[in-house]
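After this come two complexes, each holding subunit A, first together with subunit B and then together with subunit C.
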Partner chain A sequence: MKSIIFYLLCIPYLILPLTASAETAEEAIKRAQAAFLYAGYDMKARVVMKLIAKDGKERMREMTMLRKDFEEGGDQKYFIYFYQPADVRNMSFMVWKYPKKDDDRWIFIPALNMVRKIAASDRRSSFVGSDFTYEDISGRDIEDDNHSFGKEEKVGERDCLVIKSVPKDEKGTDYSYKLSWIDKERSLPLKEEYYSKKGDIEKVFSADEVKELSGIFTITKRTMKNIANGHRTEVSFEKTEYNVKIEDGLFTERALKNPPKRWIE
Partner chain B sequence: MKKGSGARGQGLERKMRILQFTLTILFLLTVYGPRLTGSTAYALDLHGFVQGNYAARVTGDSPPAKNGSDYLLSEERLQLELTEHSKDGSASFFIKSDFFRDGVAGTDDMELREGYINYTKDLVDLRVGRQIITWGTGDLMFINDVFPKDYGAFFSGRPMEYLKAPVDGAKVEITVDLLSAELVAIPTFEPNRLPDSTRFYLYNPFSSAATITTVETEKPGERIRDTELAMRLFRYIGSTDVSLYAYKGFYRMSGMMVNSMTNPTTLTYIYPELTVYGGSITGNIFGGVGNIEGGYYDSAGDRMGDDPTVENSKWKFLAGYKKELGSELTVGIQYYTEIMEDYGNYESTLPSAFPKEERIRSYTTLRLTKMLLYQTLRLSFFGIYSPSDEDYLLNPEAIYKLSDELSFTLGGNVFGGRKEFTMFGQLEKNDNLYANLRYQF
Partner chain C sequence: MKKFSLVEFSVDRPRLVVALAVIITLAFLTQFPKIRTDTNPKNMLPETSDVRVWNSEVEKTFGLYEDMIALGIKNEKGVLNRETLEKIDRITSEAVRLKGVASKDVTSFTTIDNVTVEGETLNVRPLMSVPPKTDEEVGALRKALFDNRMFINRIISKDEKTTAIFIPLEKGADGKEIADRLKEIVGKEKGDEKYYIAGDPVARDTFGAEMFKLMSIFAPIAGAVMLLVRYLMFRDFFLSVTLMMDAMISIVWSMGLLIALGFPVHIMSSMAPVFLMAIATDSVHIFNEFYFRYREKKDKRTAIVETMHAVGRPVRYTALATAAGFAVLLFMSIIPVRVFGGVVAFGTVALRLLSFSFIPAMFTFVKAEKMETASMSEDMETGRSSQILKALAGFGAHRPKVTVYAGLILLVIATIGLTKIKINNNMVEWFSKKSEVRIADRIMNESLGGTSLAYIVAISSEDDFIKTPEAMRHIEGLQRHLETLPVVGKTTSVADFVKRINRVLHNDDPAFDKVPDSKDEIGQFLFLFSMSAKPADLDNVVDYQFRKANIWVQLKTWDAQAMRDVIKAAEEYKAAHPIPMELRPAGTAYFNLVWNNEVLWDMVKGFVIALIAVFVILVFNFRSVKWAIIGYIPLLFTIILIFGVVGFIGKDFDMPISVLSCLSLGMAVDFAIHFIGRFKQRLAEQVPGESLSDALLWTTARPGKGIMRNALLFASAFSVMLFAPLTPYVTVGAFIASMMTLSALLTIIYLPALIVLFQKRLV
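On to the complex of A and B.
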């Protein structure tokens, strides 16, 4: 009897350390998104994308990407200004991203001096012709998937949690599930694998270079590779800066038509 | 009013002009050239394209006024763009100029597409010079976009950007949270550019009147009081754009006037006074983007509607909706209608030789766009059908990007209609195929 009481008394002490570390898979994904997509209050980066076909033929996209968070893990606004290739040069693109509803997207076409709102219901469509989708760039709503832990694994030298995310609505996606390797300490996703509805590996994301910038661990080089057709997109984030105090006025029609020089040089 | 025959400047003068401009460009390149290779933040930027653009009529017909050419367009074109910004970014200039060989006319020419200076301070953006302005919400349906269009370019398969013609003027944009404004002043009038009767088969109501010996164009004068003024007031409510517009100026589509209805010898194209008031809303609806737009065209020169040479006042409305249907597939539909005022007066004063317009005219449009192969192939279809005029335009097009620099476009325009005088009906014999190879830098 005495021993039972002892064990009962011990239970809270046994549970407490467990609950402290027992983050759910959903919380781990949330933490990863916060580190990956919501780092800082805002961000400015020069982004160079190389779109590489199976035969090695390269296309290039070069842009300045500006992001401002309005709610941690929630609403964000993006402003993107293109330098390359020549046919999209001087175009600017704006996204108001909401996790729970369709994004608002606008594009400015300089040759017509025209701002147009774009119909944007498909977040799985390609971003500027690359292997990245809009969702890959700005994040997928955490509540759209069921998340569960797999085993822990190392990616390179880093200890990672492996999380399986299965879309609740299969019709809305072009894959059946995703595995993510989340750096346990830094929270960044170091690898992601997308599986087709037949169960084959379809696309692989890899973080190829991580740097600490102003105290924030940042994936400065990343690749998305389409396994099925051999096409891949390599992205390098150059001159990434955080907390640069982007004003709300950047996310307006005025800035689309006439992007403030200080943000796009 | 200023009278002119519309004839272009003589060859020598034009050649001198081109030479002068080319020398200027070469000078700029020499001076700034070395900076282009460097990564200096404020370096002058040189960009543009070289393209060959060809369109052939495939109906076997050719307009009687010309030498029987099947070609609507056969041109090689160089476009150069120059931009420079001041160090603090508040001032900049932009020049975009085209140099081209028109193989159908057998001439070389140049055109300043845009050339302006920008100045930005606090809430104000000022742009002075030759510029392209686009307002309104329609897809090739224009109500509050009162700025000049080049329909000849569009119907002969030139790239979409050439549908918009530039204006010479000043634009001030004032941005305030509560209500922003764009104010435009255009001192010199620029009419719409229409398909040219030497290249296109067009309907001519005076074709039976062989007595016409003189054709004149009477453009609005270049008096200060004739300055066109346009205003757009706008505000975003959430992500919904609400705009109000006003314009005081002239019809860009000409009216026709003859010196005698029974025995005309002189035909004069005129551009009567026009005032437009309108509004538009664009926002998210039903998982897509919807837009509505309306406008009142107040024909100041014919308020009673009893002058057959001047268009009657009209109400114009447009509703559109576009949605992403599937992966990289977008569909857009529109309905446009216009209602003529004083229709009774119009009917009773219209000369019998003139084709009669319906009181209520309407258009429906459909656009499908599909991107393929990592967005290197863009397939699109645009169709317009008018239930009132019973005519149509079909425009399928494919653009393939061979590389970031090189693209190839192949498309067609199919026109038709039950009547020979409606907008697309009169173009029935001009069905064409067009191709464009462009190297952009």
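On to the complex of A and C.
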């Protein structure tokens, strides 16, 4: 009797790897993006970014980040309101993200009481001076890369799939390929390595803390380390809330100038 | 009990002595495979030196690179055409793939960020993401370039003919290697464009590599010429080779020791072999005397022992003086200077040891008949060269006052020249005018902002101070002030970015091309810029806390003086416009200035101490202060005359000259030591019926011949270097040749005059 129960208990563990390998690398990346970038219908978080230079000096960025998904794995809108550094308080920033074309970005400059659209030709440019690029924050179109499975590996205690993503068009990127370690169970990317066109490791992303918030596994602390120049950026997501019902009207130039109080407190 | 004599021992057991010398030499030779070279003149200052610590701190704070290569592209028809722009794109994308290149921070048309405005939209993107396909697009690019002042003279010349790609190097990358790879890349391009590769790392690493190459070519050639001249002098091949071996053995010993002790061979110590070869020529005096003695005694052993007895003292003391001249360098602060001094001093001592053992031992192997014929020409009465020498010395001895006054007049003139000497080092000028490095540097400095890069770091004590309008305006004002200097071609700072963004946000209105009035505006503009630009754009000009700003200053010359001018101008500006910010220089140009000051002043200091040390040795040698002063005069004259000429022709006191000064000291005094030593011996022998001037003439004809031979040997060997492609070698050749000739002449003409003039006090 005992042994039958034991075998029955084993069954899911025998099947699981099979189901995992039945999935293509592209699907795995898609699942990871959904878990990482599209969790919930919308999200509100207080984000603290620490930009740390090679000599250990730090620059702070503190902001409220509001995100609303308009299509799972598709269009998204971001609203970002800055608290720090002090002289940029009240600055706000909005991104309309479309997977298939360039983002639209607007910024509000309080000192001139002026909203300006910013042309976003380069998704690989830095996000607010950090080691994260816009693409690192909002994701890269899955179809822009060829994905393939590597070995399976543990990151910390977690079993991960390693996926290699090679950009189809090398011109648009500043790296030659990326390796992602994706948590098999929770689908979150726990580590990413970017390799330069010379083949050297260049940037490393790591998920430093994962918490379950209202049933959603969330990376609450992450670091992007630039191996080449010794910079790193540490980001912590504080007070993350999902499904807070952000209205469409937040993502307008008017709201950018006068953000509704309840979203930025 | 008889005192042990190395000479007699060597003459009695020549085979043992030669075998020992060979064994020791082989032992030192075993060290040679371990050789490590360090061709980087930068490493003359250790990484822990203040300037390198400070520079690397600045590099860390502002994400900068120690070294940068500037690749110039010039097209007489202008670079703003589709073909050239495509080449710029291709070359840039190939350059970023080179190993050792800091790819992310390569600056070129395709990577430099530009901030522009189109209607309500702000663009922050590379100036030229893709090469233009139509002439309209080329026109738009031209407008973009010349609308943004930050680009002019940096990446485009005013006449549109020249552009540059700035290629920073990762730590430890070899500038010459990367320059060579770049040459391959541009070599693949066809068309009217000309390419120029310039920058400190190129000059530095090329020079280091060339120097080692030249050393391995010129040292043997100099050696061969010496061998030939020796053969012509002594007519005996075996003995000429012996003289050569003497030098070779000491070179192997001292370089072997250097390597065994684990020191890398720096550019300075790579010159040690040539120097030792020069110092080794002193053994000519032994040969010279030996031939005379042999002719008189007809017995080899007696001739050898007597020769060594006669010349032993001067040879010992000249060696001591030379060794002391270099040994003082051991007490300097720059490590490679110490190593160099130590190696040459050791080599000199080794040479002398060989003079008393190896050389006498080798003499015993020469066949008597050969010696017979060779020494036939060594007749003091009839020998032609002896006659000429006597005539020269006669002039000094018979017209002492005229000679001394003529000398004094020369000296006064030379002193005027001496005051004109500038202590300056310009590595690019170490290359000949027609060399690629020099041409590249000249072309790029003519058309663009300058290849030599310095930084002025403005340091405040409060976070965010740089964002204040006061600080911004101060920085801007400083830039304008620095740009009034003719050596400054271009400056770049955070204020330039702020002004640019201010203008662009106000719909490109030139009235807003200025620093805004509030800190908030400045802070927000910079933040806005950082949202889209490469992080390096801002990192390179402000630190993380906005406490420090970095002002890039491009200089059109590598002269240390240019940096001195910049520092002075910055200080003037600071004094006239007080603000709680400190201004500190940094960067390669600043490093070169400090290097210049520390290394060269160290050498100057060593030189002065050596001057004193040599005098003390003379006092001991002659056991008389008066004689020491007399013996010192030819040395002093030689040095002042040479440096006088150096001053008049406008040659800077640079690294090669500084090294030579030490050598000149040790060598120029030799002749006086031989002359006075032998002269006093002659007086002591009290040859019946010989007057003081007769004794002087005898000294001139006999040891004097050795002196002339020594000088000739030197001059001929080193004049080979006049044909070297690197100017330091030309300098070395000219300097040594003229120094030896001068000090020989001064010894032979001037010393007799002085001795006659002051005979009452001396004798």
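FYI, the second predicted complex is superposed on the first by the 244 of 265 C-alpha atoms of A that agree within 3 Å, B and C clash if a C-alpha of one lies under 4 Å from a C-alpha of the other, contacts with A are read in each partner's own complex, and residues count from 1 in each chain.
In this text, contacts are C-beta pairs under 8 Å (C-beta built on N, C-alpha and C of every residue); 3 or more make two chains touch, one makes a residue touch a chain.
Owing to the predicted nature of the structure, the values given are computational and were not obtained by experimental measurement.
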*Superpose on subunit A as described above, then tell me if subunit B and subunit C fit or clash.*
clash
*asked:* Applying the document's definition of touch, where does A:107 land relative to subunit B and subunit C: first, second, both, or neither?
replied: second
_For A:228 in the superposed arrangement: first (subunit B), second (subunit C), both or neither?_
second
*When the two structures are overlaid on chain A, which partner does A:119 contact: first (subunit B), second (subunit C), both, or neither?*
both
*asked:* Just to be sure I read the superposition right, which of the two partners does A:87 touch: subunit B = first, subunit C = second, or both, or neither?
replied: both
*Return first, second, both or neither, reflecting whether A:196 touches subunit B, subunit C, both chains, or no partner chain.*
second
*Regarding the shared-chain residue A:51, is it in contact with subunit B (first), subunit C (second), both, or neither?*
both
*After superposing on chain A, check 78-86, 258-266, 294-302 or 402-410 and name the one in subunit B that bumps into subunit C.*
402-410
*Which positions of subunit A sit in both the subunit B and the subunit C interface?*
51, 53, 57, 59, 85-87, 111-112, 114, 117-122, 125-126, 128-131, 174, 231
_Quick check: in the complex, which residue numbers of subunit A touch subunit C?_
51, 53-55, 57-59, 82, 85-88, 91, 93, 107, 109-112, 114, 116-122, 125-131, 174, 196-198, 228-231
*In their shared complex, at which residues does subunit C touch subunit A?*
57, 60-61, 63, 96-97, 99, 102-104, 118, 120-126, 129, 464, 467, 505, 516, 518-525, 527-528, 530-535, 538-539, 543-545
*asked:* Using the touch definition from the top, list the residues of subunit B that touch subunit A in their complex.
replied: 41, 47, 49, 85, 88-89, 92, 118, 120, 125, 131-134, 160-161, 164, 173, 175, 180, 234, 236, 239, 241, 282-284, 287-289, 322-324, 326-328, 330, 332, 371, 374-376, 401, 403-405, 407, 440-441
*What does subunit A use to touch subunit B in their complex?*
51, 53, 57, 59-60, 84-87, 89, 96, 102, 104, 111-114, 117-122, 124-126, 128-131, 174, 231, 249, 252-254, 257-258, 260-262, 265
